[in-house]
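The next part holds the structures, each set out as structure tokens.
Below, chain A partners chain B and then partners chain C, in two separate complexes.
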Partner chain A sequence: MKAIPAILLALLLIVSLVHGGSYSSQHRESIDAPPSWRFPLGTDDLGRDRFVRLLDATRISVLFAGAAAFAATLLASLAGGIAGYTGGWFDHMVVRTIDVLLSLPSLFLLLVTRALMPLNISPVLSLLVTYALMAAMGWLSPARVIRAGVRSFFDSEYVLQARAEGCSEARILVRHILPNLRPILLAQFWTSVPVFILTEASLGFLGLSAGEPFPTWGSLLHELQNPLMARPEAFAPIVAIALCVCCFKRITPWRVSQI
Partner chain B sequence: MLWLGRVARQAASLAATVLIGGLLTTALVRNSPGFDADERQLDARLDDSTRALIQAGHAENHNVLRFYARHMRGLLHGDLGMSASLQTPIAGLIRSRYAVTAEIMAAGLAAGWILAFVLALAAVWNGACARITGVFSVAALSLPSAALAVLVFVLHGPVHSVIALVLFPRLFDYLRNLLQDAYAQPHILTARAKGLHPVRILVRHVLPGCDRQLLALAGVSASMAFGAAIPVETLGDLPGLGQLAWKAALARDLPLLVTLTMLITMLTQICNSVSDWWVRE
Partner chain C sequence: MNPVLYARISADYPNRPGVLEDVEFAIGRGEILGLVGESGSGKSTIAMTLLRLIESKGGKARGELLFQDRNLLALPGRKMRRVRGREIGLVLQSPLSALNPSLRIGAQILEAWRAHRQGSPDLLQLLEMVNLPPEPGFLNRYPRQLSVGQAQRVLIAMAVIHRPALLIADEPTSALDVVTQAEILRLFSSLNRQMGTSILYISHDLLSVASFCHRIAILQQGRIVEANTTAEIFRNPQHPYTQALLAAIPKPPNCLETTTDCPSLAWSETINQAVDDGQYRAKDSLVCASRS
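Right, the complex of A and B next:
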């Protein structure tokens, strides 16, 4: 029962890799068509197959959210790790900077920055910029957690003993601190993926995610700006997002407990 | 005197954060590649002189520090400037719109807190409830705020329930863990063993023990509520600050964006400072 969302998401991802349809193909003879065998989720107002677009959006959103989460975790581990390791004024400065940046409204800043892209930006570039911005603003909270982790390991008794036995700082870092930091880094990564998926969905709904005709879950939600006029099948991306986020919520504690 | 010093320190920290926030936004907006792009320049009806005038209007804001200093000077005199896209004084725009956002946020915050607290308490008191409330929380957490807004609008639900539903799962997880820890304390176990009424245990022993964490969470939840208000107001065509922020972003309206960022940062900081102060007290 618990594995059902994961199985459905895996199925969606596998089908998205093997299907032959194109997300931008227009079927002009079937504009705004209802669901049928040919178009399981019908077509949109330009005659594009909603099912094919949903499959491609699944692949793109999961892949890019993963990449952005990886980048954010990397940034967080660099900033948090160096701050925790060096301590002193640098640590104090990083913590203060993070505090100031965290007090700025992140969704609002994302909205502003994304809206200020040039008018003629290409769809692929707009997608890259959207996720890069999310990574650039998503490292703050993980950095705090990682910094706290590094500091606690640094002050631990086994590091003290290693130092007393003459271990070099580099060896302490590589052999003792980094392996213990792995569960924290993984937890931050697995937690960031659903956060980025949900943020992209909110941006896309406001028309500020990937440019047309590129499909992402967020850009598919843009069709629901007038929900009372939308067909029921247009709500399919919401189900896909819920399935995916649900999976990641289950994966995070499981993956961390495996280590 | 000690009290005065603390207030002064908090006020200085608040002012510094707001100033830095405003400067960061100005620099961010000014250095964005599309800052000079203006949809009006694509209007074929305009002649070259009008286009040059629009371009000159943008050129005035090219120097970040000069723009920020001018904006700050205006702020000190109570003049928030003019919105470039709406051609209206920003102070008037904020005055006419803040009530809508404040009403939605207050109702959403109250409903979200009540829902999260009641369900967290039910989850702690009753094992069977824990599963149901957990599923409900995961379901709400798995949906983007925009999707929750769409669902509520389709079902003709009240607008503030969207903010309540966005806040609920985040508050619920924290409150459930907090209450679970509190109920595992030895003095609570003793009180239960002595047969004290559950409401008395909650009011007299559990809540006073976790008031600090609850106050800290209250500060954070206010800024979360504003994040949720943006898609809600956009979708519902509600004339609040969230919709104004969205319109300002789309129109690349630098003075309005800077003022809104400073305002939102200030509100977030005030909420955090007030909860901090209460916790210390």
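Right, the complex of A and C next:
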């Protein structure tokens, strides 16, 4: 039972890798068509196969949210790790900066920054910019967690013990701090992915995610600007998003308890 | 003969100056010196200062610290690191938190070795030396799979892996039950005899210190108020604080008329023997007492 969302998501991902359809090809003879064998989720108002677009969106959204989460965790571990390790004025500065940035409304920042971009940038660039922006704002809370972890490790008895054994600082970092930091880093990564997927969905709904004709889960939701008028099959991306977020929420405690 | 270590040290923390005030003591070769004091008297600070680990906690040590003809307080950091673990070993108070939770025991012991030497030592023989099961399976365990007593033995194994000239034990038995405590004390005593390692044994428990230490120094509020041989401390305590410590040793009221079956009576005999014939017989009876 527990594995059902994961299996469905895996199926979706596999099919998205092997199917032959194109997300941008238009079927002019059947515009806004209802679901059929040929188009399981019908076509949109430009005559594009919704199912093919959903499959490609799955691949793009999961991949890019993962990449953004990786980038955010990397940034967070650099900032948080160095701050926790050095302490002193650098630590102070990083903590204050994070506090200030976290006190700003992040969705507002995202919207403003994204809306300030010129309208005629290429779809690929808009996609990259969207996820880069999320990574640039998503490292703040993980950095705090990682900094606190590193601090507590350096104050721990076993690091004192390692120092008493005569271990060098580099050795303490590699052999004593990093193994203990690993579960924290993984947890930050696994929790960031669903956050980014949901944020992208919000941006996409407002039309500020990837530009046409690129499909992402968010940009597919743009079709639902007027939800009361939309066809039921157009809600399929929401099901996919919920499925995926569900999976990642499951992964987190499971992965962490493995270590 | 020169002592292994001669210390005349003061230590300050930024928010607590004068934690140690001109604490002066020496440890002879092969000697076990007991350092007794109440919580907050600066016992652990002495351990931290001797290894200059106080610096990593933001503190500062002043004075003179002669160890094998070098003033440790004047050594550059890199050379001091070569002394830690290799020439002076440290056993910490809480064994389970002193072991890295995400490293296996074998890897942990190897870390202590590789801090100063290449290759790998005979780990099984090392385990045997500290009375741990000499099995590869034991080395694969994580700290959470050990008992406190086993963890303490692992720490002792790591502390003596380079056969240091001096071993500092900072309240190593305060987290242990009485039986394990007696076994650990016996282990220290036998390491002292086998390897000739001098031991600085820090504790708040005068009785356990008396059971195996050659000399005892009494620490109160950052100063050593009295230092003498174990027998003299018990026979003829000079300082009021020492007298108070002695008076605080529990006396068993209702066992006095019965025979030696009573553990508490054997405990009090421990003191008598420490006074009369020195520490080794006293230690043995301590072990018997805890086992009975």
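Methods note: the second predicted complex is superposed on the first by the 259 of 259 C-alpha atoms of A that agree within 3 Å, B and C clash if a C-alpha of one lies under 4 Å from a C-alpha of the other, contacts with A are read in each partner's own complex, and residues count from 1 in each chain.
Note that contacts are C-beta pairs under 8 Å (C-beta built on N, C-alpha and C of every residue); 3 or more make two chains touch, one makes a residue touch a chain.
Source: prediction; values computed, not measured.
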Open item on the list: Should chain B and chain C be called a clash or a fit once both complexes are overlaid on chain A?
Closed with: fit
Open item on the list: Contacts for A:116 in the overlay, against chain B (first) and chain C (second): which applies, first, second, both or neither?
Closed with: first
- [ ] Rounded to a multiple of 10, tell me what angle the C-alpha centres of chain B and chain C make at the one for chain A, in degrees.
- [x] 90
Open item on the list: Tell me the contact category for A:198 with respect to chain B and chain C: first, second, both or neither.
Closed with: first
Task: Comparison of chain B and chain C by chain A residues contacted - done: B
Open item on the list: Contacts for A:225 in the overlay, against chain B (first) and chain C (second): which applies, first, second, both or neither?
Closed with: first
Task: Partner chain(s) touched by A:241 [first = chain B, second = chain C, both, neither] - done: first
Open item on the list: If we overlay the two complexes on their shared chain A, which of chain B and chain C does A:160 touch? Say first, second, both or neither.
Closed with: second
TODO: Using the touch definition from the top, say if A:59 reaches chain B (first), chain C (second), both or neither.
DONE: neither
TODO: Please indicate which partner A:168 is in contact with in the superposed arrangement: first for chain B, second for chain C, both, or neither.
DONE: second
- [ ] Give me, in Å and rounded to a whole number, the least C-alpha distance separating chain B from chain C in the superposition.
- [x] 23
TODO: Starting from the residues of chain A touching chain B, keep only those that also touch chain C in the other complex, and list them.
DONE: none
Task: Partner chain A, residues of chain C touching it in the complex - done: 51, 53, 56, 81-86, 89-90, 92, 94, 97-103, 111-112, 114-116, 155, 158
TODO: Provide the residue numbers of chain B that touch chain A in the complex, in ascending order.
DONE: 17, 20-21, 24-25, 28-29, 32-35, 37, 39, 42, 138-139, 141-147, 150-151, 153-154, 223, 226-227, 230-231, 234-235, 245-246, 248-250, 252, 257, 260-261, 264-265, 268-269, 272
Open item on the list: Under the stated contact criterion, what part of chain A meets chain B in this complex?
Closed with: 100, 103-109, 111-119, 121, 194, 198-199, 201-202, 205-206, 208, 218, 221, 224-225, 227-228, 235, 238, 241-243, 245-246, 249
Open item on the list: Residue numbers of chain A touching chain C in their complex, please.
Closed with: 156-158, 160-168, 171, 175-176, 179-180, 182, 259
